[in-house]
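Both complexes below contain chain A, partnered by chain B and then by chain C.
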Partner chain A sequence: MSLYIFYISNFLLLLCLTASLMQSSKIINNKIFTRPGVMVLASVQLISILLSFLILIYLFLISDFNFDLVYFNSHSEKPLIYKFSGVWGNHEGSMLLWILILVLFNFLFALSKRISERLKDITVAVQSIMIFGFVAFLFFLSNPFVLNQNNFFDGIGLNPILQDPLLAIHPPVLYVGYVGFSLVFSLAIAGLITKEVDQQWASIVKPWVFSAWAFLTAGIALGSFWAYYELGWGGYWFWDPVENASLMPWIAATALIHCVLMLQKRNVMQSWTIILAILTFSLSLVGTFLVRSGILNSVHTFASDPGRGLFILLFIFLILAFSFSLFAYNSEKINKTSSMGLISRGTGIQVNNWLLITILTIVFLGTMYPLATDLLLNKSLTVGPKYYSTTIAPIIILFLFFMFISPRLGWNDTKLYKIIIQLRYLIITSLTITLIVSLYFELFNLTEILIIFFSLLLIISSMTASINFNKQNILVRTNLGQNLAHAGFGILMMAVVSNAVYSEERIYDAKVGDNLQLQKYIFSFDKIEQVEESNYNSLKAYFQMKKDGKLIDTFTPEIRFYSNPPTITSEASILHKFFSDIYLVMNVPQDQQSISVRMHIKPFMTILWLGTLMIIIGGIVSASIRIGRFDEK
Partner chain B sequence: MIRIIKIFLLLFLLQNNAIAEDSRAIELFKEVRCLVCQGQTIHESNAELAEDLKKLIREKISQGETDQQIKEYLVERYGDWILMTPPFNSLTYILWSLPFLIMIIGAIAIYRQKRSHA
Partner chain C sequence: MTSLVKSRLIKFLLSLIIVLIAVLIIIFNLRDNIIYFYGPTELLKNSDKQGQIMRLGGLVSVDSVQNETDSIFYFSITDGDNEIEVKYEGILPNLFAEDKGVVVEGVYMNDGRFIANKVLAKHDENYMPPEVIETLKKSGKWQGE
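The block that comes next holds the complex of A and B.
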C-alpha cells in the first residue's frame, strides 16, 4: 500500500513539473505550446499538487510510519488536530503547502477575466517558472514522500511547542500572504515585458496585493499572539530575527499598496512600484527560507541541510538578477513623467514610502548586522529591542503625522494652512486629550507624548472621515478600508506605547499558602497538583486573585512535560480585560519547596489586538471593494 | 517622639532606597543578555548562569557602582555581545547612523524632485 502511494505521489509531483515547464514556455511568444491552453495547464498544476497534499494529510492521519516524514514528525498518540497540522510543522510538508498556495494563486489568476491575453500569459508563465523551481526543489531536495526500510512501530512526534491550535493556522495564513506577493511579482515582471505598467495594470494588481497584505498582517499577528501567551515572557514582539524576517516584507508591501493606489489614480511612480513589487517578493522569499536555513536559530528552523540552503539562495539570487536586469533594460519605457504639487497627497504618500524604507533599513540592519560582524570580523554583537525602539520611535511620529495629513490633502497643490484651519477642532480635541492623559498618568516623555498625540489625531481623523454626508445629508460612500486600517494603525501605536510605559511585573518565589501582591491585587497560592493528559503530564498551580478581599478570578499557570519528543513548556494563565491583561506564568521549580512565579500587568493588550484586527479588516475591505469598483467602469 | 520619627524616616528612606536599587537592578537585568539562552535577557531567564549574573549585578549596585561601571565590567569580561543594546563604537557606526543617513537622502531626493517639477 505504502509503495503505491509512494509511486502515485511522486508521479503527481512530476506531472506538475511537466505542466509548469510547458506553461513557462509561454513567456516567449511561441507557437509550440499554444495548446494546451493556460487554463488547462493551470488546472493540471493545481490538481496534481492538491492531490499530493491530500495524500500527505492522509498519511499523517493514518500515521503511516513507513514514510520518513511521518515517522520523524508525528506520533500515533497525538491528538487528531496536531496530526493534521503536523503536515506543515516540518520542512518538506510546509514546502508542499507553500507550493499548493503558489499553484492556487496561479489558478485563480488564470480564471480572472478582462485582462489582456499577453499580460495574462506572461504572468502565468513567470508564476509557472517559480512553480517549476519550487517543485523541482521539493522533488529532488526535500521530497516529502520518502519511504524508509524499517518497520517503525511509532513516530518521534511533533515539537510540543508547535502543538497549539493557533500555530496550526499561523503558517497557512502567513504563506497566503507571502505567496500572494509572488503573483504581484509575476504581474510586475509581465508588466515590464509588455511595458504595460499603467492605470489598467494597477487595477489588476490591486485586489491581489491588498489581499496578500491582509493575510500577511494576519499571519504576523497570529504569530505575535501565539508568542504572547505561549512563550511566557509577557511580551508580544521580541524583535527576534524570525519575527523581523516576516516584518520586512510587510513594511515593503505597505509601501507597495500605497504606490499601486497612486499608480491607479494618478499614473505616477511606475518604476518605484515595480521595484517595490520585486523587493516585497524577494523579502517574502527571504522571510520563508532564511528562517529555515538555520542561520537564524529558532523554532522555525526545521532542517538545515546545506544543499537546500544553497538551492534557495541561488534561486533568490537568480530571481533578483533576472528581474533587476529586466528592470534596468525596460524601466525607461514604462515611466511617464507627470507632476504633482509640492504639498499634495502624492507627496505625503511619497514621504511615508520613504519613512517605511527607512524603517525597513533599520529592521534589516538590526537583523543582519550581528550576522555580518560575526562572519566578517568574528565579533559578536547583540541587537536587542532597544535599538529598534529608539531608532524607530522618532520616525513613527513623522509617519503618523503624514498618515493623518495626507488623505486630507488634494492631489494637486494644497495650501497647508487652509487644511489646518479646516481641522482645527480635531487638532484641539486631540491636544486636550493628550494633555489630560499625560498629566493624569504622569507621562512626561516627549516621544511618547507625541506618538500618543498623533495617533489620536489619526484615529479621530480617520473615524470622522469615514462618516461623511453630502449636501443633501445623505451618507456618501467613503474609503472605508483605508479609514479602518489607518484608525487601526493609530490604535495599535497608542496601545504599543502605553503598554510599554505602564506594564508592571513582579517575580516571586512562592510556596503554597503565600499571598503575593501585584498593584491592588492579592494572589493567594492555593495548591499545586499534577495532571495527566493524553500527550503530556503537567504541573498546575492554582492562584486565587482577590481585590479588596473579593475573589475575582482563578489563575492556573502550568508547566507541561511532553514525552514525544521530550520537551518542557510553560503555559501562561491570562485574564483578558478590556484595559489590561493580567498574566501569570511559572517556571520550572529549582527545588521542591517553592516555585518561581512571574506576574505581569499588561495594559491595553486587548486594544492592541483590536487595532491589528482593524488593519486586517481594512485590508480585506480594500481588496474586495476595489474589485467592485473596477468592474463598474 | 522625635527619635521615633527619626527611626521612622530612616526606615522609610532605607525602604525607598531598596526599591530604587531593586528597580535599577531590574532595568540592568533587562540590558544584559543571558549567555546560555536564546536571545533572552537575564531578567527573563532562570538559568543558573543568569541567576549568578543577577546576584553579581545586585552586589555591584549595593557597592555603589554606577550602571555604566557595571556595564563596562560586563563588557570587559564577556564582550559587547553581553549587552542587549549595542554601544556606539567603531564596530557599530554603520548600525546607528545608516538609518538617519537614509532618511536624510530620501528627504533631499523627494524635495528636489518636487522642485524640478514645480
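The block that comes next holds the complex of A and C.
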C-alpha cells in the first residue's frame, strides 16, 4: 500500500513539473505550446499538487510510519488536530503547502477576466517558472514522500510547543501572505515585458496586493499572539531574527500598496512600484525559507544542509538578477512623468515611503549584522532589542505625522496653514488629551509623548474622516478601508508605547496558603494538583485573585510534561481585561516546598490586538472594493 | 528655475538630509546595542570586558547549582577548561539542568562573577545553542559529530 502511494505521489509531483514547464514557455510568444491552453495547464498544476497534499494529510492521519516524514514528525497518540497540523509543522510539508498556495494563486489569476491576454499569459508563465523551481526543489532536495526500510512501530512526535491550535493556522495564513506577493511579482515582471505599467495595470494588481498584505498582517499577528501566551515571557514581540524576517516583507509591502494606489489614481511612480514589488517578494522568500532552513536561527544549521540553503540563495539571486536586468533594460519605457504639487498628498505618501524604507533598513541591518560577523569574522554577537526601539521610535513620530496629514491634503499643491486651521479642533483635542494623560501618568519622555500625541491625531482624524455627510445630511461612501487601517495603526502604536511604559513584573516564591500582592490585587495560592491528559501530564496551580476582599477570578498557570518527544512547557494563565492583561506563569518547583510564580500586569494588550485587527480588516475592505475612493478631488 | 525643477530639487535635498540623519542614528545605535558572546575561557582572557552587557555560554557545571531562595540562584558555567560563577535572580527556564547547555545574558563583574539578568533556553531538551557547541569545540570538549 505504502509503495503505491509512494509511486502515485511522486508521479503527481512530476506531472506538475511537466505542466509548469509547458506553461513557462508562454513567456516567449511562441507557437509550440499554444495547446493546451493556460486554463488547462493551470488546472493540471492545481489538481496534481492538491492531490499530493491530500495524500500527505492522509498519511499523517493514518500515521503511516513507513514514510520518513510521518515517522519523524508524528506520533500515533497525538490528538487528531495536531496530526493534521503536523503536516506543515516540518520543512518538507510546509514546502508542499507553500507550493499548493502558489498553484492556487496561479489558478485563481488564470480564472480572472478583463485582462489582456498577453499580460495574463506572461504573468502565468512567470508564476509557473517559480512553481517549476519550487516543485523541483521539493522533488529532488526535500521530498516529503520518502519511504524507509524499517517497520517503525511509532513515530518520534511533533514538538509540543507547536501543539497549539493557533500554530495550526499561523503558517497557512502567513504563507498566503508571502505567496500572494509572488503573483504581484509575476505581474510586475509581466508589466515590464509588455511595458504596460499604467493605471490599468495598477487596478489589476490592487486586489491581489491588498489581500496578500492583509493575510501577511494576520499571519504576523497570530505568531505574535502565540508568542505572548505560549512562551511565557509576557512579551509579544522580541525583535528575534525569525520575527524580523516576517516584518521586513510587511514593511516593503506597506510601501508597495500605497504606490499601487498612487499609480492607479495619478499614473506616477511606475519604476518605484516595480522595484517595491520585486523587493517585497524577495523579502518574502528570505522570510519563508531562511527561517525554515535555519539560517537565521543560526549559521551552523546552514552548514548541516548545504543543498537546501544553496538552492534558496541561488534562487533568490537569480530572481533578483533577472528582474533587475529586465528593469534596467525596460524602466525608461514604463516611466511617464507627470507633476505633483510640492505640498500634496503625493509628497506625503512619498515621504512615508522613504521612512518605511529607512525602518526596513534598520531591521535589515540589525538582523543581518550578527549573521555577517559570524560568517566573516567568526564572532558571535546579538543586537539588543533596544537598538530597534530607540532607532525606530523617532521615525515613527514623523511617520504618524505624515499618515495624519497626507489624506487631508489634495493631490495638487495645498496650503498647509489652511489645512491646519481647518483641523484646529482636532489638534486641540489631541493636545489636551495628551497633556492630561502625560501629567496624570507622570509621563515625561518626549518621544513617548509625541508618539501618543500623533497617534491620537491619526486616530481621531481617520475616525472622523470615515463618517462624512454631504449637504443633504446623507452618509456618503468614504474610504473605509484606509481609515480603518490608519486608525488601527494609531491605536496599535499608542498601545505599544503605553504597554512598554506601564508593564509591571513581580516574582514570588509561593507556598500553598500564601497571599501575594500585585498592585491592588491579592492572589491567594489555593492548591497545586497533578492532572493527566491524553498526551501529557500537567502540574496545575490555583490562585484566587481578589480585589478589596472580593473574588474576581481564578488563575491556573500550569506546567506540561510531554513524553513524545520529552519536553516541558509552561502555560501562562491570562485574564484579559479591556485596559490591561494580568498574566501568571509558574516554573518547575526546585523542591517540593514551594514554586516560583511570575506575575505581569500588561496594560493595553486587548487594545493592541484590537488595533491590529482593524489594520487587517482595513486591508480586506480595500481589497474587496474594486475602485477605492482614494481621491475625492 | 521652473517650478518642476525647483520642486524636484527641494525633494532631492530633503531626501538626502533624511537619509544622512537616518544613517547616522542607525550606526550609532547599532554600535551601542551590540551584545557579544563569550565562552568562559575567552572571557577570562578578555578581562577588560568587565562591566559590559554580554552573553556567556557553556555547560552548567555538575553539582554547582545552589539556590538561596526559589528565585535567587548560583551556578557555574564551564567549557571544560575554565568555570565562571553566575548569580541569577528570576525564574529558571524549565529545561535548565546541570551538564546541559546554557546561555546567560548579563554583566561580568570586577570580582570575576557574572550577574545574569536573563537565562536563555530553547524548549527542546536536545537543543544545544550553536555558540555553546562552538565554545566546547574550541576547548576540545565537544562530543557530538
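One rule holds in what follows: the second predicted complex is superposed on the first by the 619 of 633 C-alpha atoms of A that agree within 3 Å, B and C clash if a C-alpha of one lies under 4 Å from a C-alpha of the other, contacts with A are read in each partner's own complex, and residues count from 1 in each chain.
The rule we apply is simple: a residue touches a chain if its C-beta (ideal position, glycine included) is under 8 Å from a C-beta of that chain, and two chains touch if they have at least 3 such contacts.
Owing to the predicted nature of the structure, the values given are computational and were not obtained by experimental measurement.
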item: When chain B and chain C are modelled together on chain A, clash or fit; value: clash
item: Partner contacting more residues of chain A (chain B vs chain C); value: C
item: First, second, both or neither for A:Thr194, with chain B first and chain C second; value: neither
item: First, second, both or neither for A:Ile395, with chain B first and chain C second; value: both
item: Touching partner for A:Thr347 - first (chain B), second (chain C), both, neither; value: both
item: Contacts of A:Thr358 with chain B and chain C, given as first, second, both or neither; value: both
item: Which superposed partner A:Asn587 touches (first chain B, second chain C, both, neither); value: both
item: Which of chain B and chain C A:Asp240 touches, first, second, both or neither; value: first
item: Touching partner for A:Gly384 - first (chain B), second (chain C), both, neither; value: both
item: Chain B versus chain C as contact partner of A:Thr464, first or second or both or neither; value: neither
item: Touching partner for A:Ile595 - first (chain B), second (chain C), both, neither; value: second
item: Superposed model, chain B segment overlapping chain C, candidates 5-13, 41-49 or 59-67; value: 41-49
item: Residues of chain A that lie at the interface with chain B and also at the interface with chain C; value: 298, 339, 341-342, 347, 350-351, 354-355, 358, 361-362, 365-366, 369, 379-384, 386-387, 390-391, 395, 587-588, 590, 596
item: Contact set on chain B toward chain A in their complex; value: 31, 33, 38-41, 44, 46, 79-86, 91-92, 94-96, 98-99, 102-103, 106-107, 109-110, 114-115, 117-118
item: Contacting residues of chain A [partner chain B, same complex]; value: 233, 238, 240, 297-298, 337, 339-342, 347, 350-351, 354-355, 357-358, 361-362, 365-366, 369, 373, 377, 379-387, 390-391, 395, 587-588, 590, 596
item: Residue ranges of chain C in contact with chain A within the complex; value: 4, 7, 10-11, 14-15, 18-19, 22, 25-26, 29-30, 32-37, 53, 55, 67, 69-71, 89-95, 123-126, 130-131, 133-134
item: Residue numbers on chain A that touch chain C, as the complex places them; value: 159-161, 298-301, 339, 341-342, 347, 350-351, 354-355, 358, 361-362, 365-366, 369, 379-384, 386-387, 390-391, 394-395, 507-509, 559, 565-570, 585, 587-588, 590, 594-596, 598
